[in-house]
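One chain, chain A, links the two complexes that follow: it is found with chain B in the first and with chain C in the second.
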Partner chain A sequence: MTMLARLVRYRVTVILGLTLLVASLTVPGFLSISTLSLGLDRGATIGIIATGMTVLLIARQIDLSVGSTFALAGITAVMLQPAIGIWPAALAGVLAGAAAGAINGLLSVVFKVNALVATLATMLIFRSIAHWLTDSQPVPGTDIMLSVALSKIYLEIFTLRSALFVGAILLLHVWLTRTVAGRNLFAVGSNADAAEASGIAPGRTVFLAFVFAGALAGVAGVLQSLTTNTGSPVFGAELIVTVIAAVVVGGTRIEGGRGSALGTLGGVLTIAALTTAMEFQSVPAYIQQVVSGLILILLVVLDRTVRPGPRTHAAAGASG
Partner chain B sequence: MTDVPIQMRQDTTQDTTNERFRGGSPLVDLLSRGGLAIAILAVLVYGSLTSPFFFTTGNFVNVLTSMAIVGIVVVGMTFVLVVGGLADLSVPATIACGAILSLALQPVIGPVPAFAAAIALAGLCGLISGLLIGYVGINPIIATLGVGTIVLGIVQAAVGGVIVYGTNPDTAALVKSRLFGIPVIVLIFLAVAIIGHFVLSRSYWGRWTVATGGNCSAAEASAVPVRAVKAGAFVITAICSGLSGALLGLTLQSARPLVGTGYEFSAITAVVVGGISIMGGFGSVPRAIAGLVFVQLLTNVMVLQGVRTPVQGFVLGLLIAGAVALDVALRKRGGGA
Partner chain C sequence: MSAAATALRMRGISKTFPGVKALSSVNLTVEFGRVHAIVGENGAGKSTLMKVLSGTYLPTTGTTEIAGVEVRMRKPADAQRLGIRMVHQELNLVPDLSVAENVYLGRMPRRWGLADKAAMLRETAVILDELGATIDPKARLGDLSISQQQLVEIAKAYAAAPRIIVLDEPTSSLSEHETAALFRILRKMKQQGIAIIYISHRVKEVLEIADDVTILRDGSMIDTRPADGITVAEMIRLMVGREVTNVFPKTPSEIGAPVLKVVALGDSYNFRNVNFEVRKGEILGLTGLVGAGRTELAKAVFGLARATEGRIEVDGKPVVIGSPAAAVRAGIAYVPEDRKDEGIVPSLSVRENISLPVLRKLSRFGRVSMTADRRLADKYTKEFSIMPPDPERRIGLLSGGNQQKAVLSKWLSADPSVLLLDEPTRGVDVGAKAEIHRIIGELVAGGMAVVMISSELPEVLGVCDRVIVMRDGHASAPVDRAALSEEKIMALATGEEAA
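Let's turn to the complex of A and B:
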């Protein structure tokens, strides 16, 4: 049991190692620097969103609307380009993401709507707005060359996206482990009442967590739209399972109060390695979905069964 | 302004200690039931005033037919919400399972066995979600999201990721036929709704479902098999969506993998708008169907008015958020006083 528990704790390293091993054995040239760079760039979109999701899951909340926020932010960034220029438009896109997060926070903190249901509703609402703004057509950006510039590879491995992701994860790690606010987040997630009794405002913490997650989904969406020079209302429709899978692989618990930024980094790298390996083997997209679904379910089951601690029925029904 | 955070904190405490629905307040009951009837009436009046096509038999048959497909899912989803299972997000996958398999298996084993097999396999998916939720204790949203993704992928892989077409026109004719002027699909929906209503309100299983949703620990202490009841709700939903998907596939005589997308939200919206608490422990099939009637009529009026599809999605989303927020507010007033 303790052996198994230890395995579960360091599972990110184990799973990542196994994935890389299997991938390098089955895919020729997988461990070359260009493949790794490509994989990292692919993972960056999921990773930036997962960074925000880590904070939310630690705070015992969840955001199902990140995929829609992702699309909406990208569309905002592309559609405003002719009017206010590329960089202000990009900033507006990120702000749109933050605003979407604020709406989620408002619904869940002020109106007390269960986060799962609230973000289920806003997922539908934001996606509808995205379709509405664009007439359900992809919108082209103004500067095609920008996407080339954004895809430039620095230091042989980082693109702008992947550098941003790794930077954000490292900052989050420092924030979670070294600051009072970071520790407060864990307190709110594991026991909101106790946190409140110790003088933390859980409502404010949760609200800010939603804004943070929304803003990061916005950043990912803006980057996606700038690199593809397109804003599309269908972007990000299937991100959510992969994002949650990445965060959960990294050891962050859906029940709140436990998680780490470096774990999420490991989870994202695992998912990125898997996706890249499967794409190299031309595995169809729906099989890739099956794999990320299986990983998610397996790890959540592992979390529930192996980790010692009280198991209550309430946790099954209402952990939002 | 300085009072706001304090107020907020108090509410948070109350919310975590007072999670279950404290039903039985006549005021809350009257408000949610009467409110819905008034809303349905208002939509009827508005629709008949603004569109000459609204009050025609053809239009009502259309509304009923499109209502039937979602309605069968709504009956199952009611069980999920009442048992405190939040929501079943694997509905698009189980609908696709029903639609694709009922058509794809037709040439292999004949139309009737294909129909039965499609529903049985959808039920199996529900059993997997149910076991994960009831027995392992996984958050229902995560479990159904994961299982749905897996099932959809497997179904797509089984048919090679393409659109499946029907090979047996007789079955399509049967599903599209009418009995006493009512489409057969609508009759099937009514049958499912009546069975669902009696199971939920008159049977042991129904009472167990309400008890589990109301207070899981108390129900368990009273020897209610809470785990099985929780799992059962997801099996029921999956069988309903499988049936709904199979009927949809037979009607359209073609099924693509994403055929069920959006049905989960339509069903959840209907149930929540019907005044059934997302916290569980309370609700009935007729209420959910009243919610469905309201949503369907509203959608119909919007379509007749030429409102674009994205706006309709927007309104549905607002309805979910609004109905749940209202439920929380009413619950606090009714239960806390």
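Let's turn to the complex of A and C:
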């Protein structure tokens, strides 16, 4: 039982390790720096969005619109390039993402719309705006050389994108575990009434969580547009499922109150490694989804059935 | 007396909700360094008054002065800044954070911009030690028992070094030992000059700890007087507005053949080798200190937890109970201790809650008969005088006593042969308590067998035919009503021989 409980506790690490092991045995040269670098870069987009989603899920919220926000931010960043220049346009793209998050936050905090419903609606709306702005056509950027520069590999493994992802995860880890605001986030997600009665403002916390998630979806969208030199209204249409899967595989509870940044890192890497390995083996895409789905179910079932120690353990010792 | 010596002065406080006047012109004066009890039945306005004091409600009229300064509190944070701390009856803690983080929730100490975990753990250990609680500050709060969580809630309020501390039914989940420890700490806080507002239904406790008593009834203040020279009977009379002669009346009933028999039952952790039988028409009391294994035993009998050894017989036939559904089929019903989490579905109406276990009975060809459903709810609402008498009201909006009556009637409609009650009157006021006892009395008179878990000794002594006492997972032999006394039960519960 304790062995199993320990395995469950570090399940992300175990699953990631197993994935890497199987991949290295079946895919020749999988553990080479260049393959890992590629996998990390491919995971970075999901990862940056998942970083924001981790915060939202801990706060017992969810944002289904991140894929649409991703597209909208990218389009903003590309379409404004001729008018205000590349970097101001990129900033505008990120701000567009934050604004989208603010709209979601407003709906769910001020107008008390359930986050699932509110962001389902904005998912459709943001996506439609993206099509409308672009006439449903991809928009090219002004500087094609920039995408080459952005794909440059540093320290033999990091691209700008993957470095940003890992940096964001580490910052989030410190914020969640060590800062007062981070601990308050768990309180809000676990028991909002208790948090409020203790003088914490749950509404403000939740609103800022939405803005944060929107801004990070914006960052990912802008990076995507700059590296492809294209803003497209269909970008990120299927991202949301993978993002939520990565966060949940990482041990963050969809019911709020529990989760970790390093877990999300593990979840993202697992999914990235799986995808990369299976692509190298020419496994069809739909089989890849089946495997990801099964791993997700396995982890959640383990989480629900194996508890680290009986609930009343401490109680029995104290009052006997 | 100078104004500064008065901790709290509320004048003419009224609070009106659409259609209801919850408080009408209440005055309350509380001095520093005194324990001021507020008593009253459920619905008397205690909670509303305390919500005004904690900044949750803005009063419709009236003024509040803290230490002589008039204040306006719009949210809980305002009240906290003024040094007012609440210990809620419904626990207000965060299950997913550690004990230490809960104690410091909303005011965590910082060091170089980060939460100072070391300081929190250190200080929490000191405070818990002062409170006489053996709880690990690092433990996840959700893993603690309810009584331990209650102590954490008290530690949380105390740690904030408040000027005024409000305790709402603080002992409802504490054992007698823990209550004594709480009273020691309250006396200490009193000496530190803290003003203590103590809300309780337990009249005896109030007289033991309080210096002053304010009685509320129907949203109005009836009287404030020193606790000296007021008797239990007088206080109850003021609370209910009538004389209540016997707080725990016993309805006589005819005792028949054994219905439920538990043989050598154990879960190899919380309780071991438990034997007892309950007979038709009998109330069997199950008492002991909190954490002695009573609830776990009841849950195992009802199939909510797994027993690893022993067997259960109903009407002389062995039954296998692997789930609550199997227990209900075997004729066993269970009313849990944690009403909010396990007893009711708060978002459903009283009617829907009552008919929940019997929907199949009420339906024909898969369609629930609304007429039968309504008739059932109407019947129980009237019979148990559930207030307000509106079966369509959301049950979450009812007071604790009325919720409990609805939970009881829910199981009555299922017509079980054995009813397991876990702390059926916890956090319920005197009037509703008597009514719940009357209902239980009627049930056994009708031939049901009842197992009642209770920590309240007067209740156990007053209501039960036989009592078994649990200690560290072991059950004593049943003690007959005639041989019972508080001393005898405490001796069995603590393992100390009575002198």
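Keep in mind that, in the parts below, the second predicted complex is superposed on the first by the 292 of 320 C-alpha atoms of A that agree within 3 Å, B and C clash if a C-alpha of one lies under 4 Å from a C-alpha of the other, contacts with A are read in each partner's own complex, and residues count from 1 in each chain.
Here is the rule we use: a residue touches a chain if its C-beta (ideal position, glycine included) is under 8 Å from a C-beta of that chain, and two chains touch if they have at least 3 such contacts.
Quick caveat: nothing in here was measured; it's all calculated off a predicted structure.
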Between chain B (first) and chain C (second), which does A:179 come into contact with in this model arrangement: first, second, both, or neither?
second
Touch check for A:122: first (chain B), second (chain C), both, or neither?
first
In the superposed arrangement, does A:196 touch chain B (first), chain C (second), both or neither?
both
In the superposed arrangement, does A:290 touch chain B (first), chain C (second), both or neither?
first
For A:170, using the defined touch cut-off, is the partner it touches chain B, chain C, both, or neither? Pick first, second, both or neither.
neither
When both complexes are superposed, which of chain B and chain C contacts more residues belonging to chain A?
B
A:254 in the overlay: touching chain B, chain C, both, or neither? Say first, second, both or neither.
first
Of the two partner chains, chain B (first) and chain C (second), which one does A:14 touch, if any: first, second, both, or neither?
neither
State whether A:113 touches chain B only (first), chain C only (second), both chains, or neither.
first
Once the complexes are superposed, what residues of chain A are shared between the chain B interface and the chain C interface?
193, 196, 201, 311, 313-320
Per the touch rule above, chain A residues touching chain C in the complex are 174, 178-180, 182-184, 186-187, 189-191, 193-201, 257-258, 309-320
Chain A-touching residues of chain B, taken from the complex the two chains share
5, 8-9, 11-13, 15-17, 19, 84-87, 132-134, 136-143, 145-150, 152-154, 156-157, 161, 216-217, 220, 226, 230, 257, 265, 268, 272, 278-280, 308-314, 316-318, 320-321, 324-325, 328-329
Under the definition above, what is the set of chain C residues touching chain A in their complex?
54, 56, 76-77, 80, 86, 88, 91-97, 101, 105-108, 110, 113-115, 117, 133-136, 139, 143-145, 147-148, 156, 175, 177-178, 269-270, 289-293, 296, 471-473
Using the touch rule from the top, collect the residues of chain A that touch chain B in their complex.
62, 64, 107, 109-114, 116-118, 120-125, 127-132, 136, 192-193, 196, 201-204, 240-241, 244-245, 254-255, 284, 286-290, 292-294, 296-297, 300-301, 304-305, 311, 313-320
